[in-house]
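Take a look at the structure below.
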Amino acid sequence: MDVSSFLVQSLNSVQYGFLLFLVASGLTLIFGILGVINLAHGSFFMIGAYLAHWLQLKTGNLFVAIALGLPLSFLLGLAVERLAIRFLYARDHLYQVLLTYGLILIFNELQRILWGNDVHGVPIPAVLDASVPLNETQSYPVYRFFISLACIGVAAAMYFVIHRTKLGMLIRAGAANREMVELLGFRVNRLYALVFALGAALTAFAGMLSAPVNSVYPGMGEHILIISFVVVVIGGLGSIQGAFVGAMLIGFVDTFGKVFVPEAASLSVYAFMAAVLLWRPQGLFGARPA
Amino acid sequence: MRPLSRPLLVALIAALALLAVFPQFVERYYVQLATKMMVMAIFALSLDLLVGYTRLVSLGHAAFFGLAGYALAILQRDLGFVSLWTTLPLTVGFTALVALLLGALAIRTSGIYFIMVTLAIAQMLYYFANDTKWLGGSDGMFLDAKPTAEIFGLQLFDLKNRVTFYYFALGALVTSFLLGRMVLASLFGRVIDAIRCNEPRTRALGFTTWRYKLAMFAIAGALAGLAGYVGAAQDGIVNPAFLSWHQSGQALVIVILGGMGTLYGPVVGAFALIVLEDVAAGLTEHWLLFIGLFVIAVVLFLPRGIASLPLAGCVGRLRKRGGGAAPLPERRAAEAGDD
Amino acid sequence: MTEALLETRGLSKQFGGLAAVNDVSLAFEAGKVHAVIGPNGAGKTTFLNLLSGEMHPSAGSVWFKGRAITGLSPDRVARRGIGRSFQRTNVFTELTCFENCWIAAQSRLPSSLRFFRPAARRGDIGAAAERALDLCGLRARRDQVAAAMSHGERRQLEIAMILATEPELLLFDEPLAGMGYRESQEVIALLRRIAEKHTIVLIEHDMDAVFSIADRITVLVNGAVLETGSVAAIQKSAAVQAAYLGAEEEP
């Protein structure tokens, strides 16, 4: 493999890694702070993609579509939290798995009812539809750079909110000691709803961003969900750092795996997960098991 | 595991008798449907051993269900084995071995991680089957013949006959149930009870708990393999859907719906859910939507399953004497050592 | 002179610069109740941890029935015949008293990976469990789920579980902690019954209890042995009184 191909694949890996990071950090935040394992997390990715597709058709502009789709996803996240997720706090993980599995079935069918079984594409906005030359032979799509930049922006904003704002402090406190935060007069319920909606919006945003490069199709949520599970398992549950490192590692393993071992492309990610687990069952940044 | 109370025993025997005479009175379609239910019942029963009795929530149990189906297909197609006496033990044995190997990896994790890892493992097998031409890719493989049951050239029974196959499946179900109860009543089963209630304390007593969990994982995998064998033999086809996580998810729903930690609960749950799905699919194309709502309703309103309903309660006080496991608390227990 | 059942020689445990247990050499006679007392922070629990294998000593050795058990894991120590109770009661709350004792007794088997025969047929395990329950006065509670019992009863169950493993030597870490008068009396009576056929090493703060059941008492201060002697000798000792009056006494 020559240098420019290596560069292209590395850029792809990073871009994929960033997308996975958005999804996985939503998942790990929801688990770390709310204590809920949310199988329907991938459904928000799908919802984001379908919203991007649908709104883009209506408005003709992907940016407008994203601008509209984000608040919609956030509201949907709030609704789901109030209607279903809030019954899961402090319940055994088994019931959380089952209820959110029911949610997946519902979301999948709703998607089919609304948009049917076809595979859709979302066009890249004209302003980003160009390529940056890397050397004489290879160039790289601008849109993919845009994805990475957007993700970096979101990640930075997330870091800022969590570590530098009062809201972030409340979130971290609520994760450590819910009762105490309640006793101090804060409405933890609202906090939880907010965190869940943020997690959903993050994932939906990833779905919207990736829609132009991957197609929009039924069942796409499940694929990303399982990969993000792998990311979180490798990185360690509850750790944003872990989600980042895990996402980047998977981004590289998957991308280069497809290049070098195309027959076993899908397996490389799981083989990598197995290897990490054999070495550290709690993940790279996870808390040591008792 | 506590011994079955007298009323419960009577109910189970009555149900068995009903199942035994059932095919004599109904049309072929219902015999086939009932066979399918029994396959799911065995599958769910095997999952109950993990979820209800050992508190290992596996979201990838379909891996063993599908694996067995593929093993049978390959034994037939590539090795020419058609006899029940060879294919059944080979399939179940192979599945048990794989369960032992994959379990050794999965058991290193616990709690949430275990759920996610089992899911990932099953997905790995799913993609492998889906992408591999030799396994038929997304179309899967056909099983040209039903297993034959001959001794010294004399045919004992003909599995091509739907009613005979039904009884074969029923036999497999009863065997699975009895095997499950035997294992749970053994010394091994006592340790499993302890692990379920308080794993750190069990370790403090000197038990190497991961070995017991792994053994249970392999046993459950083997029984799931039995279910997969019967299922594939019935359908005459095996495809990646056998390995899909919807298959795993459905089994989990059945276990909870029926009442986990009872072994007979999941059997009831399998019958209930399949009837429900059959009816719903007949009503609307989007029946999965209603199944999703139903699942949520079960979690919110009937978390202990059908086996915990008052009707079942009068058949025996399940918690203390009804042959069940001590129930899973709905609220997550505080950290270990809570008094 | 009777051979000591349990013996420590120069046993020490350092945590960084702090010597939690400092050069303790003690001999515990078979069939006797030996209490270890001392002000808070004297290193009593650490000492017990060193005996039971929860911790490894920095120096010194532990001998049981003439064989070294220094540094063995808690499980191996238990198999040699030493049982230990902890300050926090941790029983199997969803199982009955009998089932709790059963699993404790079963833990002494070389392997429980037995899948075929019903466990209930093992009369030997059942008998050990029943004996333990009887000794602890829990016969009436045999089929009661542990979750439904009071704290004091669960403490008794904890003791029964240790007895079910049929140890020769029992280590008790503050068995009376958190108990009211009546419960304490019951546990003291229980300890006396146990002492008839077992050797006991007991950490306890309740002085009345200690003086009423112990045969010998060792006083630990700052990780080192201040004095060892009979109950009468310790009660009269000026040095012991100084150590207690000079330090914090906890109720």
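In this document, chain identifiers A, B and C correspond to the written order of the chains, with residue numbering beginning at 1 in each.
One rule holds for everything that comes next: contacts are C-beta pairs under 8 Å (C-beta built on N, C-alpha and C of every residue); 3 or more make two chains touch, one makes a residue touch a chain.
Note that the structure is a prediction, hence the values are computed from the model and not measured.
Undergrad: Identify the chain whose mean C-alpha position lies nearest to the mean of all protein C-alpha atoms shown.
TA: Chain B is the most central one.
Undergrad: Measuring centre to centre, with centres taken as mean CA positions, what chain is farthest from subunit B?
TA: Following the centroid criterion, the farthest chain would be C.
Undergrad: Could you state the distance in Å from the CA-based centre of subunit A to that of subunit B?
TA: Centre separation, subunit A to subunit B: 32 Å.
Undergrad: With centres defined as the mean C-alpha position, give me the subunit A-subunit C separation in Å.
TA: Using C-alpha averages as centres, the distance is 53 Å.
Undergrad: I'd like to verify one number: the distance from the centre of subunit B to the centre of subunit C, where each centre is the average of its C-alpha atoms, in whole angstrom.
TA: Going by mean C-alpha positions, subunit B sits 45 Å from subunit C.
Undergrad: When you check subunit B against every other chain, which residues touch at least two of them?
TA: Residues 200, 336 of subunit B each touch two or more of the other chains.
Undergrad: Subunit C touches which residues of subunit B in the complex?
TA: Counting only subunit B, the residues touching subunit C are 182-183, 185-191, 193-194, 197-198, 200-202, 204-207, 211-212, 215, 219, 320, 326-327, 336-337, 339.
Undergrad: Quick check on the complex: what are the subunit B residues that touch subunit A?
TA: Going through subunit B, the ones touching subunit A are 51, 57, 59, 105, 108-113, 115-117, 119-121, 123-124, 127-128, 131, 200, 245, 249, 252-253, 256, 286, 288-289, 291-296, 298-300, 303, 328-332, 336.
Undergrad: Please output the residues of subunit A touching subunit B within their complex, sorted ascending.
TA: Of all residues in subunit A, those touching subunit B are 31, 35, 37, 84, 87, 90-95, 97-99, 101-106, 108-110, 112-113, 222, 226, 229-230, 232-233, 237, 263-267, 270-271, 273-274, 277-278, 281-283, 286, 289-290.
Undergrad: Quick check on the complex: what are the subunit C residues that touch subunit B?
TA: Per the touch definition, subunit C meets subunit B at residues 74-75, 78-79, 88-95, 99, 102-104, 106-107, 109, 112-120, 122, 145, 151, 154.
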